[in-house]
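Notes to accompany the following structure.
Letters A, B and C name the chains as they come in the text, with residue numbers starting at 1 for each one.
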Amino acid sequence: MTDKTTENTETKAASAAGPKAEKLIVSSSPHFLNTESVPKIMHTVVMALFPAVAASVYFFGFRALLLVLVCVASCMLSEYWMQKIRKKPVTVYDGSAIITGMLLALTLPPSFPVFGAFLGSFFAIVVGKQLFGGLGFNIFNPALLGRAFMQATYPVLITTWTSPRTVGHAVDAVSAATPLALMKFEGKLTPLMDLFVGNVAGSMGETSVIAILLGGLYLRYKGYINWKLPLGYLGSMAVVGGAFWLADPARYPSPLFHLFAGGAMLGAWFMVTDMVTSPVTPLGQWIFVVLGGAMAVIIRLLGGLPEGVMYSILFMNAFVPLLNKHTRPKVFGEIKTEQS
Amino acid sequence: MVDNTPTLWYEFKKGLWQDIPPFRLVLGTCPTLAVTNSVINGVAMGLATLFVLICSNLIVSAIRKYVASQVRIALYVVIIALFVTLADMFLAAMFPPISKALGPYVPLIVVNCILLGRAEGFAQKNPVMPSLMDALGIGIGFTLSLAVMGGIREMLGFGSFVNFKLLGEWFEPWIVMILPAGAFLVFGGLVALVNYISHRKTAAGTNP
Amino acid sequence: MNSFAKMFLNLTVVGVVSGVILAGAFHVFDPLIQINKEKELKESIFVVLPEAKDYKVLEKTVGKEKLTVYEGIDASGQPVGIAFKADGGGFQGNIGVMVGLNLDYLKLKGIKILDQVETPGLGNRISEPAFEDQFKNIEITPKVEYIKNRKPEKPNQIQAITGATISSNAVVTNINNAVARVLKTFPKDEMIKMGEQAKPASAESKEHQK
């Protein structure tokens, strides 16, 4: 930013394109027909995430709060920095960077180092969002992209889990296994009640089903999420998981286990529903969630990794432009049959 | 080209920046992505390609007046394959660890577009000396590109540079950088950087 | 017609010249390449059979499969153990392991990971000495097992690498499969007899060079 020659050339290029070129803000999705502004929606989502953050602090201590703060601050800083460099209006306070930061933090293990949280947030905003053109142009959910980058960058740190404080009576509860890993590698099932409350090891914000449901239902009540997306995704997981379970109940866990364990709830309510990275047509949305849910279960049961929610959503994100393009003509016929 | 009669120095120099193979021509990206997880592997690959490129450019240029144009591509491929096989056997005999690390990518130099591209695009229409300079420039540019890719990836992925531990214990290596995904990230970043610099040069009017 | 003759001549000349050059180069380089391969094999055998100074190649064909084992011998020519390769799928690709087996067919003498493409920093820790050394003096009956996050309790157990269960499991499975195959194909008495008849590899390679 102190480089004067850079600024001069950039301004020259901008003025050559037209005096008003730099002020033109091209709008992309999220589009709204009503008067809701982007900041208002985003701040409601932030509100909806508070139960999950509170649960993570309750179960994993103040380190969880520290990680949330680090992620949110790094996301906002990266956004500010990139928008300054790109000479775009600075929209740090519209809340989207805050959501990315919170979501990213909630998918990290509680013991994740602070520099990793910073790096993941930086990647999420710079590569996942700003390089695509900012809010509305990103193909992938930035928080999940940051998480995927961390998964590839620090595969050991991001799979080092700690038990929640509430069960951590053992002195050296340094490493613990997540319910999904216990199921996959040792054939042990965690009681559903523990999963529901969140009294298990796992990513900070994904363990407590009840806290996420509170936030999700609040969003639904406010009318900011389309019921098709979370319910379709979870329904698809339940059906595919149930099919495996019926085929061999001794080997595969019940559908409820699939819904309550791992990132299913957090992904379904807060990541599948991302307005920018989900399809806009009803048929496209159905395809998106059904294939996504099925893929998550298949990765969990047949893949090498214990958890597949993150990759399933990222994978389906890549298809969104295609789904939007090819499902449009069928929209009118489909709505009537689906909603009756 | 501003000059109507390009100098030998120009033929050499253009491969180093203006036509630097992976970043400006986007040729030879397969080895650029596949073997650059360390500086040594990148440089070894670059040198093997440089050797093949010099030999094939020289031969193609020397025999250009005797070649029947209908079968020229077949001839070039045979000539390139000859030198690739020589390089492959030489590495396997003299430097087995490098040969093992590069794996199938040495034989795959045969299908590296840089070689056929320079033979078809340059050596077959130019005398021996310019062809040699062209091969040297492009080959060294390619080697440098691979070294830079390897340097960045090794630094971030292992915390070292040419096997010398550069970053201390505090540094937690970015495993992604030695995986294929890291190769694509670094490659994309470097292409963007090269484009950015040359756009600035063009804007400032320093580039002919 | 003239152009046809030119094409014919072009291809013939280039083909013949290239062929001659390659044949010459092969003549020079191939012995060196063979020596490198043999050296690599020898080193891996000597790692898994530390007392060995030389080895004998024992081969046997069962059905369509050809099984090769290497009998390590010490300086006085006495057998010290057998080594063989165990291949099988890991998390991402093939894991090749050199396994050293005690002559009593009860314990492993050591293993060495030859090839692997596991995740760096996670699965590829199977090729660290800390993991490989665990297999020294491990009993193979009923089979080698791994346990997680705890110290091994039984003489046939090793501890899996934290976070890399799949890779650890693949190594153990490969070893068990290969051990079972070798035990079936080469019964102990037959092995000793075959070993007495075979010549040490160093003697054979000297003959080759002559």
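Here is the rule we use: a residue touches a chain if its C-beta (ideal position, glycine included) is under 8 Å from a C-beta of that chain, and two chains touch if they have at least 3 such contacts.
These numbers were taken from a predicted model, which means no experiment stands behind them.
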item: Centroid comparison with chain C (C-alpha atoms), farthest chain; value: A
item: Interface with more contacting C-beta pairs, comparing A-B to B-C; value: B-C
item: Interchain centroid distance [CA atoms averaged], chain A/chain C, Å; value: 46
item: Whole-Å gap separating chain A and chain B, where each centre is the average of the chain's CA atoms; value: 40
item: Intercentroid distance (Cα basis), chain C paired with chain B, Å; value: 35
item: Residues of chain A touching at least two other chains; value: 155
item: Set of chain B residues in contact with two or more other chains; value: 175, 179
item: Shared interface positions of chain C, touching two or more other chains; value: 119, 121-122
item: Sites on chain A touched by chain C in the complex; value: 155-156, 159-160, 175, 185-186, 304
item: Complex contacts: residues of chain C adjacent to chain A; value: 91, 119, 121-122, 148-149, 162-163, 165-166
item: Sites on chain C touched by chain B in the complex; value: 3, 6-7, 10-11, 14-15, 18, 21-22, 25-26, 28-30, 32-33, 36, 40, 119-122
item: Touching residues on chain A, where the partner in the complex is chain B; value: 5-6, 9, 12-13, 113, 115-116, 127, 149, 152-155, 157
item: Touch list for chain B against partner chain C, complex; value: 66-68, 70-71, 74-75, 78-79, 81-82, 85-86, 89-90, 92-94, 96, 157, 173, 175, 178-179
